[in-house]
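One chain, chain A, links the two complexes that follow: it is found with chain B in the first and with chain C in the second.
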Partner chain A sequence: MIPFDLAEPTSLAAAVKLLDPDDATIRPIAGGTALMLMMKAGVFRPEKLISLRKIESKYSGVSVGADGLRIGAMTTLSALERSADVRKNAPVITRTLLTLSNIRVRNVATVGGALAHGDPHMDLPPVLMALGATLTVIGPKGERKLAVEDLFAGYYETVLEKNELIAEVHVPAQGTKKASYFKVTTGSADDWPALGVAAVIEGDGKAIKSARIVASAATDKATRLKSAEAVLNGKTVDDKLLREAGEAALQDCEFIADVRGSVPYKRELMKVYVRRAIREALGGGTH
Partner chain B sequence: MTAARTITFKLNGAPVTADVKPHHNLVELLQTHFGLTGARESCGQGLCGCCTVVVNGKAVSGCLYLALFVDGAEVTTVESLDTRDKLSPVQEAFVEASAFQCGYCTPGFIMMVTQLLDENPDPSDDQIRHYLTGNLCRCATYPEVMDAVKLAAKKRKAGATA
Partner chain C sequence: MVTTLNPGSAKVGSQVGRSVPRLEGRDKVTGRAEYTHTMQVPGMVHAKLFRSTVAHGKIKSIDTSAAKKLPGVLHVVTVDDVMKVLASPYYGPAFHDQPILAHEKVRFVGEPVAAVIATDPHIADQAVQLITAEYEELPAVYDEVDALTSKVYVHDVLKPAGTFADLKHLKNAKDTNLALDYRLRRGDFDKVYAAAEHKFEHEFKTQKVLHLSFEPFACIADYKDTHVTLYDSSQGPSFVRTEIARLLGWPENKVRIKVPYLGSGYGSKLYIKLEALALALSMIARKPVKVAYTFEEMFYQITRHPSTFRIKSGVDKDGRIVARKCEVYWNGGAYADIGPRVTQKSGLTAAGPYDIDNVWIDSYALYTNVTPAGALRGFGVPQLVWAYEGHTDMMARALKMDPVEFRRKNIAREGRPHATGQMLKDSPVEPVMDKVLERMNWSQPFDKGSGTVKRGRGFAIANKAVISPTTSVAIVNVSADGSATLYCGTVDMGQGSDTAMAQMVGEVLNIPAESVRVTPRDTDVTPYDMGTLGSRSLFHMGHAVKRAAEDARDKLKALAKEVGEPEGSNIPIAELFQKRYGMQAGNVIGSGIYKPDYTPPAPGTGQSPNVTPFWMVAGAGAEVEVDTETGHVKITKLINVVDCGKAINPKSVETQISGAALMHLGFTMFEKMHIDGGQVTNASLADYKIPGFHDVPTVMENIYVEHDQSNGPFGAKGVGEVATFCVGPAIANAIDDAVGVRLMEMPLNAEAVYRALRIKQGKPLEDE
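Now for the complex of A and B:
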């Protein structure tokens, strides 16, 4: 890797101050598992990295309240995977983590990093979007709330300013909602997906009150499938409705071709897996 | 600008210091400063497990881990597992089950299997496969690795009760 400098501030506020909104060569690093790949490949050439690993410990860990889960941005994916609070309140997250990369990466990669990296192939963004999660973002002017749904601006792009950092993820209490996530891989189970589909559904039996469905990996960014949701909301699910929802989902997506599949292939995957995700959420476990 | 920094950490139980540049990774640190070549870079992407090192009780990919990040940490490598004349139960099991051909991936497998059995002394086939999804063997000794893990589990149990 090309040489760079590394600062290790001991507070989030100090980390924000070290960032520069106009200098893209100064960037934050959390676990670093994704950034290291980019630096090794030479596509990311920072002059200086601001490590977040020594900031206040309150930004690592999960807590639960009546309004849902609070997940510190520096929580590692393995800590999230092992959290009893997560398993109880949003088990779709626990299930998703089982095949997210491998144990060594999960031991180091962080929740905040998985979001801020803006990589459309990651599993947590669609799941958190479908769960209606929001972020607390800290910048020089203080903090602001941002829905995960509004975080992604494009392929590896977020709406965050270059001197803003994610502090916390809030997953609202899910009540009786049911959830599913399908990671569709064309290689091994823990490979990068060709498509990810998350569905969170509030309903009664096969009657859907409201659905939130999100696709990723086949698309340029994690994308809410609002047309598919509109087909479903207020309806009772049958095979015909599921096919309509799958077809409708295509209108919401900006597909990308890559080594995991062509655009026509991913369009077919989308139609099939939107159906399966809805069926799995309705028939599967809660949340 | 990118001056070396002196870090202090525990390496296989012994306190050590090293001058480290920010862009060096943990594998480079272990190989160049300490002559430890058990963790080695192969895929360079955290997929293959050849660079497995345990930091503060957690397995990490040494090729994706900045060397500076082990400042103040406890670092354990495959070289810590055997004593002068005795291999660890997991190492013995890999030899007895012939769970390698070229051996390049073996230290990583040994480290991950040791972690697995620390967490779960009696893993099922599915649990073994799941835990080792991030370890690749280009000689494809996977069936023998499965045998070795089960043999190691037996040896550790026998050792614990002996």
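Now for the complex of A and C:
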């Protein structure tokens, strides 16, 4: 790792001004857990890092209103894990965080970093996507809204401009919806997932009104399983339907092979865990 | 505290057998303990390495010009520069085969080709990225079985170091990758196997895994024209001193190796690693030079041996194993390191803890074009047990015999000869197995699971011979105030040896272990020790320490007599010195040396009445749940049992067992260096995962049985490795019990189990 400059602006707007849309060697840094890995590996060599640690404190907390949860981009994953509001309004997030990496990483890693990195192996993006979360993004021209679903452009790629920052995540109120998330690891228990499947279901008993199902990690980016959703919507769940949904999910995914598993194996995992995620959401899990 | 000569109230045995908390524990948890990796030496500069990107090739050119221009860079060094200060830049414990920097050829991806010395490690790093090299690529050999017959030769000529008698015949050998062919022959395998009622033949494999000590490799060399000092994260400072003295052509007393605490080693920091390089760089820079690895670089220094083990057994109609043939291929990587010793010393136990009259063992150390392999907690034995305990279970299953009864019928008991011919003594295999079975409730009915989750259980037993013959020397110094200091070369790398050694001193001198000072390792001060390896220290150094303490005690008694104290006097030691020297002055120095008896194995047959001073014995039992839809295996119970002789420090014994077992749980279940065309594709902790707390089995028991080791210090023997042996096969046997599939290769990860299930169903999963 080689030396670089570090700026510590005290507002998000000031941070945006320090970024350059055409210079990839200037980058924001939040918790630094993802960026440091890239810097240590020599794949990213910054000229300048813009730390977000000193920006307005309102971006590092969770608040709740009638329309749902607001999560500041600088909220650490452990603050999110311990938030009573999150536990009450979207407990699937709380459950997901318990096995997301380890306490040392969660203590510094942030929600904004987990999203902006575009790493398909992260646990939070599929969950937020399934919950229908949206982002507030701030750039030189002001604010825009963006669905988390539309954030990812590809493997480690997002649609954000180099001088745009995620300010906030908005998780809409879930009403009576139920949710589940499965993190499937094939290495150590706290490894990055080989597959993540999140399901958020609006239904009545075994009858599904609408389902949002998202897969990640086995795929090049967090991916909504629309074909599987189509199989499920308006139907009553039984084993046969779940199998069909599992098979349908394969059509939506661009699988990638890595040390965590081959493509044929990840396809098998996908079929099994789409089923399990739906069953879990219907059976036990509340949103 | 007043130390007295014959304290009446102290009861013998008050220090040994007590769970004394680690003497250095407080310093470590408060961040005060010193480690080489974080150490600073005045005037120190830093080196970083430029590494080969090809697995096998001739070096055509190295361009260092851009790197040299970077401000802060002091030197950019290739082997040509090294050879100006050290004419013959090759080192190694078994062969002088490893160059300080690649010389003419590169032999594995990651091999150091050039070094940058700079004022700052980050500058050195940046400069490394400006170096380029051109290679003429050569065909490479990666697999250990291929290496035996391949026409690709990793080395043109073999250069045995001369230390080991059984390597002499390889001097100047050409057109071979064989760095040792060890043989054991007992009885007549061919004849008895041919006539056996049942014949079994299996091939087992293990993958490439590594130590990943918490403190990466680090060495600081400070060369002066008259002497050299190395600050070194080493498990064997005595060997380092000898090898550095050899490279310099100097007497040993001009070479000083200082070793602070180690952030673990597991065998990776044995013999010689970064020391020769640091020495050469310091000679060139004429300044202290530090070489300290990142975690990512650890994948290019030393690993465990991958292995292929072909095992054949003939069994008679009563279920007795009558003949066994073991062919073991060890993938040693590009440089031999201590591989030939792994090949021989573990090779001799390849037939397992069984009573078999006709045994044939061939054990081959092979060069290949991957990161070198060496000792890793078990010195090859875990790879062997993986095979022979899988084989044992497979035979029992095929013979429709209970795995317990099959083993009981075949265990080699006390007084029976081992395959080497040595009579077994203090080798309580059956009691250890019985303890495993008791803790597993083996005789009770077992729930095999239902639906998509199937349950199974399995166990394994094993033994190992401690490496021999080796020497340890210790000094106990009693100062004029009665306090005692121990000088011993055993390196405390987290296993708790300082505490155990202090307990032995305390036991002999009748003082609390906590009051004994153990000096940091420094070859200018601490006497010779062969190395902290192979579970040898508590036994060998333990003897030396005990003898040194006894020598000091005897000298104190003689001093008492000299100053006119009556027999049995309980005079404070300080008064004794006062009486003799007229003031607080003087020392009593006790010394002790230990080297066990040994008879070299007969060439060609490996037979010897005395190959080892003690046997290590282990057993493990596992219960698993297998998810038949995904292949995931959950370990619900892991029982580890070892024989420790006498537990000098019961808590340390327990933590050695749990640490060893969990380390091997990682190797068993998921750890693997993925290698593609010689390139490690997961060379970082992001992609090479080791067990964390969530991987600890639901129930885990770490148990020792105390079977007095009759020739051990206080009846003790080593336990650093023993709990590693059985974890792998116990789990594989449990998986077979649960779902009827047999995995012949580690790791037993979910995909491997799932693929085996699919093959069993006649619907194999496509490859990619």
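We take it that the second predicted complex is superposed on the first by the 287 of 287 C-alpha atoms of A that agree within 3 Å, B and C clash if a C-alpha of one lies under 4 Å from a C-alpha of the other, contacts with A are read in each partner's own complex, and residues count from 1 in each chain.
Note that in this section contacts are C-beta pairs under 8 Å (C-beta built on N, C-alpha and C of every residue); 3 or more make two chains touch, one makes a residue touch a chain.
Because the structure is predicted, anything quoted here is derived from the model rather than measured.
In the three-chain model built by superposing on chain A, chain B clashes with chain C. By the touch criterion stated above, A:49 is placed in contact with chain B alone, chain C being left untouched.
When both complexes are overlaid on chain A, the residue A:2 reaches chain B and chain C alike. After overlaying the two complexes on the shared chain, residue contacts for A:40 are found with chain B and with chain C alike.
Residue contacts after overlaying the shared chain place A:189 against chain B and chain C alike.
Within the superposed three-chain model, A:102 lies in touch with chain B and with chain C [touch as defined at top]. Legend: residue contacts after superposition of the two complexes on their common chain; A:268 is shown touching chain C, with no touch to chain B.
In the superposition on chain A, no contact is made by A:247 with either chain B or chain C. Look at A:220: by the touch rule set out above, it reaches neither chain B nor chain C.
Of the two partner chains placed by the overlay, neither chain B nor chain C lies in contact with A:143. When the two complexes are superposed via chain A, 99-107 is the only one of 63-71, 99-107, 117-125 or 153-161 in chain B with C-alpha atoms clashing against chain C.
On chain A, the surface patch touched by chain B in one complex and by chain C in the other comprises residues 1-3, 37, 40, 99, 102, 188-190. Residue ranges of chain B in contact with chain A, taken from their complex: 1-2, 21-23, 25, 44-47, 49, 52, 58-61, 63-66, 68-69, 112, 115, 130-131, 133-134. Across the interface of their complex, chain A is touched by residues 122-123, 125-126, 129, 294, 296, 629-630, 666, 670, 672, 674, 681-682, 684, 686-692, 694-695, 749-751, 754-755, 765-768 of chain C. On chain A, the positions that touch chain C within their shared complex are 1-3, 37, 40-42, 99, 102, 184, 186-192, 257-259, 261-265, 268-269, 272.
On the side of chain A, the complex with chain B involves touching residues 1-6, 8, 29, 32-33, 36-37, 39-40, 49, 51, 53, 78, 98-99, 101-105, 107-108, 188-190.
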